[in-house]
């Protein structure tokens, strides 16, 4: 603020000299005739040592203040480089909101990242402005424009004068980039914490691995849907990695580990686990009964359906392949048949679950286990490592793809003080001072009276 | 005006004009200006008034030009062109000219004084400004990281201190919450004399985050008593290109390393260390033989294992001098390289850049040297720090810096 | 009359014109900028086909004015921290929504309507604007509009696309006085409901993955399933096994009541089923008798495929099918109630079961058998409580992720159903710079024009009333006016009056002709003007060969010099050489003396000296 006031004071002083001199010359010019006026201007000491010296010193002093003043203002250009930006979308398909560049969360992050002292989010936010570099209009379609470049401007206030402006804008933009990456860019990871397998029931570990590998598969299939032909640096595609994971899941988890546990009846707490399975069976059995009742009732409803009411008419239409197809109007029995089939499937599924549980209960009850525990534990550790390996491979491939697709996501350019700009200002200021001083010098030569 | 005046008439005009002048001019001015000029007629229609008086021509013009004009117009007609000039060889230094010369001298002396004063002020301001360091933030990206990692680089402290026992420096480093701290050499001027402050600083740093230290030329030459280049190393160990042992140098006694490691930081001498940062694994490799002549001959295997093993790890290479990056261009140095040594060119001239380095001479960046800031080394970012040294008065426009590097996914 | 010289007129009033224009322009600028507003506008387009029929994706009427709803705006106010600063209504009043009609579609609609055909077209592109005051600035308008649309997009999706929310219904369940088994039932039901919603989402978009949470709906479903399969079932079995309850009598009465309720419901269902069967029979009989059911397979419904199925919104199910479904639903309700009763009975049996360890004491006690006899009961109960807490924490965290994922999915759907055609642009309601510039130029033109008109009018008046037409100099009337104007004022220093009279004018007129006399007068005028040059002098022809020169900012000596030159010019004249001119010159100045104009003029008259210009003889002073 101090430099600001001094800078303005200098300009004001020089301005007053300029205006007063010009006014004096203007009002006193009538005191001389044209020849005398010309004479005054011709004989004025344009290279007066004092004038040049004062001009030089004033310009230097002004230059110093101007430099400090300019240091308070920095701006950055945030460019959105990903393809969705041209549709005013974030990279995850949600609507892009420019105001987030200087939202509270970003500013708070910047303060934390830069360990900025003695400044609050509100104070810092008050110094920031964001606006699109180019904005269109809404008059007609030719004026429509989706902004993908935004300028963030920082002007230090009294509360933030102690901060380095360039660092502030760097921190704001890098915090925004970090915030954006966290919020809007592809993101996938499994639970980073390794579960305590010693506290888990063996069959639960199998379920855990199935869940984790399925998550990897989901991720890979999702990425593959976005770009099935993308090839990573080491020559893999999402589908090829997914193939490996699927195979691993099928053989190592569903077959090897599960069968090893099952065939050897390996369990940590036999009674508790059997109780659990029994409860599940009881619970599923209630569901099965309900599904079976529903199935039976659908069938009874079909039986009840009067023969006369099942009359249908034909409807010419086309099938999924776009070929002409003679359909027919639906009646209640169609719906009931579908429902009956569904309930039948649920019943079958319930029965399978019960049978599976019974099988496990039987195996646990009938088989000794101690001999194979260590080999199962080893297998579990090895599977865990493999799953983590697959996770890493999938993430790396996804990240490579994101990097390729996002084109660095957000690019930031920071524009601080331009030396050439400062020089231009100084030259203009020096010229202004010089003209003012010369005018002042000349004005003294105009007589007060004719 | 009658353009067909005859010659006889023309000859009389100067006298006529003079007569008229004497008649018209006021009596008090007549003595001063009478007989101070001659009148010549050029081409029969223009008049040249040749002034040869002792007063300045300026004063003559001021006083007499108007009257002369009236006289000339009366004699030769209104609109007759005329000029007033000084007689050749008659230039005498009038009081005004002497005044001007005096003013010029004053001006030159004044300008010199102002320039010197400005230079002194700039140097003083810089020197005072250099009592504090600034923080330079860099942002680099790598697909190897999941979430942001922060590396803080300290370099070329040369025994300078920020607050008692560098408390100010330590306080800021702690506030910035780094994940890794790297000291890229020349933290002391001479390890044989005073190292306590460096060890104290090391203790402070190691309490904040895992800290690594690579030697600069100041530490290395002091510890080993010879400069670390291929010729000296070969001489010292009696090696030639066929029987070099990369580990020979590392086996030499190094009490400074013991002190630093006692303070809890890891000194990297042509070796790497692997650490876990958040969910990521980071390899930090420190170069001891950073002179290009001995980089490959005395650290090829170590560097090779750092580059080729665990390629998924994020790799940081710390070197004191940036010369190997200027000299060689392998496929991969690391995901991030940090170095110092250049002091940012000591003075940084606006527009022209760093002024001087010992190795690169004047304006070294113009000849392609890596002097200050961010460069590209084999497609990855290289950060050259201007260091934290603050005792050099010629360190102008180049505030000591603490480098803060944030590594992100994109 | 003086020449028409624009610059002369302007020069006179230039300072006043400039000052006035600057002040007035600043006034205009100030007024405009204070009353100016900024309008941020964005063009949005509803992508869904239904939108052109004025319908939302659910088939409800699409009301774009929901953007202006207080539900949207109150969220915006909350998000932007403007609570207490702005009222929701005041912000709503600043929103403007303008539809943009597709010209082709409108033409098509008009043509169809003319032909008597129905054609529904509603605009699906809109300009949404928000205005801010000059004090708030343009950024406020842009930011608020951005937030409004952000919130609206999300709300649109919630309301019309992704309608079923996956809410956490077990929040604070442990704070209520539920028994353990009831808590577990509520958790199980909540998971069940959440799973069915998640499966719907998976069906809609199998590969959707939230970037903020990093999970897909499939993964969330797997997580819920895993918890259900492992943790929930383990807790259930433990509660059953150890008969863990907070209060056995309450639990028993609760489940007994449930059985009773099921029985009542069954009674009602059975009665309803009988009624429906009766109606069905009657319906079929009537239809059979009417012959309406006699449709053969040869009957083909024409052109159905060409019609837009979406034109037929609403339930078209026939009455008979509705009757059949009602029968099925009622029967199912009855059957399920029986199974639910069996489940309740199972719970009752479990908690009232006596293993004999208590010696039969539990049958008459308010405690369960395990509570009375099992030493581990207390520890197991504490363990169950801890595990329920853990499970609730895990589920809460999972619900949190589900909600976040769902919110992002809503935003994603919102953005895919509504696209932005032009991002927020801000314009001033009045272009202050342009209008200020226009005002400045207008004022300049008006002022200059005024100055010219005034100047020229002055010229005309001067010419008519105050100009001597022989010499084109000011006349006696002007001198009278001048003297009258200066009558009560003292003249400044440097005012010199000079009078030149041709004393033998009458003689010249008589001797040489009146024309010669006029020529001499004109010659005097010319020489006088020539010699006074550009000094600040007013020339007056007082009539009868008398000239008065009123010079300002000069002195006696200068005028005397001028007059000396004037006399030389007269003597050197090339015209009327044969005419002897007699004339008088009188000069007076105000130097260091305060004089009035009349006094100075009389002094000049007094100072008159005679001269004769006879080219045969030199003039004499």
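By written order: A, B and C. Residues from 1 in each chain.
By our rule, a contact is a pair of C-beta atoms (placed from the backbone, for glycine too) under 8 Å apart; a residue touches a chain by one contact, two chains touch by 3 or more.
Worth saying up front: this structure is predicted, and the values here are computed from it rather than measured.
Peer 1: More C-beta pairs touching across which pair, A-B or B-C?
Peer 2: A-B is joined by more C-beta pairs in contact.
Peer 1: Averaging each chain's C-alpha atoms to get its centre, pick out the one most distant from subunit A.
Peer 2: B
Peer 1: Based on mean C-alpha positions, which chain is nearest the centroid of every protein C-alpha shown?
Peer 2: A
Peer 1: Could you give the separation in Å between the centres of subunit A and subunit C, each centre being the mean of its C-alpha atoms?
Peer 2: The computed centroid separation for subunit A versus subunit C comes out at 27 Å.
Peer 1: Round to the nearest whole Å and give the separation of the Cα centres of subunit A and subunit B.
Peer 2: Comparing mean C-alpha positions, subunit B is 39 Å from subunit A.
Peer 1: CA centre of subunit B versus CA centre of subunit C: separation in Å?
Peer 2: 48
Peer 1: For subunit A, write out the residues touching at least two other chains, lowest number first.
Peer 2: Expected reply: 182, 185, 189.
Peer 1: If you look at subunit C, which of its residues touch at least two other chains?
Peer 2: There are none in subunit C.
Peer 1: Contact residues on subunit A for subunit B in the complex?
Peer 2: Touching subunit B from subunit A are residues 35, 39, 43, 48-50, 52-53, 56-57, 60, 113-115, 117, 164, 167, 170-171, 174, 177-178, 181-182, 185, 189, 192, 392, 395-396, 399-400, 402-403, 406, 408-410, 412, 419-420.
Peer 1: Report the residues of subunit B in contact with subunit C in the complex, numbered from low to high.
Peer 2: Against subunit C, the touching part of subunit B is residues 20, 23-24, 26, 67, 70, 74, 78.
Peer 1: If we count contacts the way the header does, which residues on subunit A are in touch with subunit C in the complex?
Peer 2: Going by the criterion above, the answer is residues 26, 30-31, 33-34, 87-89, 91-99, 104, 129-132, 135-138, 141, 143-147, 182-189, 201, 204, 207-208, 211, 214-215, 218-219, 221-222, 225, 272, 275-276, 278-280, 282-283, 286, 289-290, 293-294, 297-298, 300-301, 304-306, 308-309, 311-318, 329, 331-332, 335-336, 449-450.
Peer 1: Given the complex with subunit A, which residues does subunit B contribute to the contact?
Peer 2: It comes out as residues 58, 61-62, 65-66, 103-104, 106-107, 110-111, 114, 118, 134-137, 139, 141, 143, 146-148, 172, 175-177, 279, 312, 350-351, 406, 408-410.
Peer 1: Mind pulling up the subunit C residues that touch subunit B in the complex?
Peer 2: Touching subunit B from subunit C are residues 530-531, 557, 561, 564-565, 568-569, 572.
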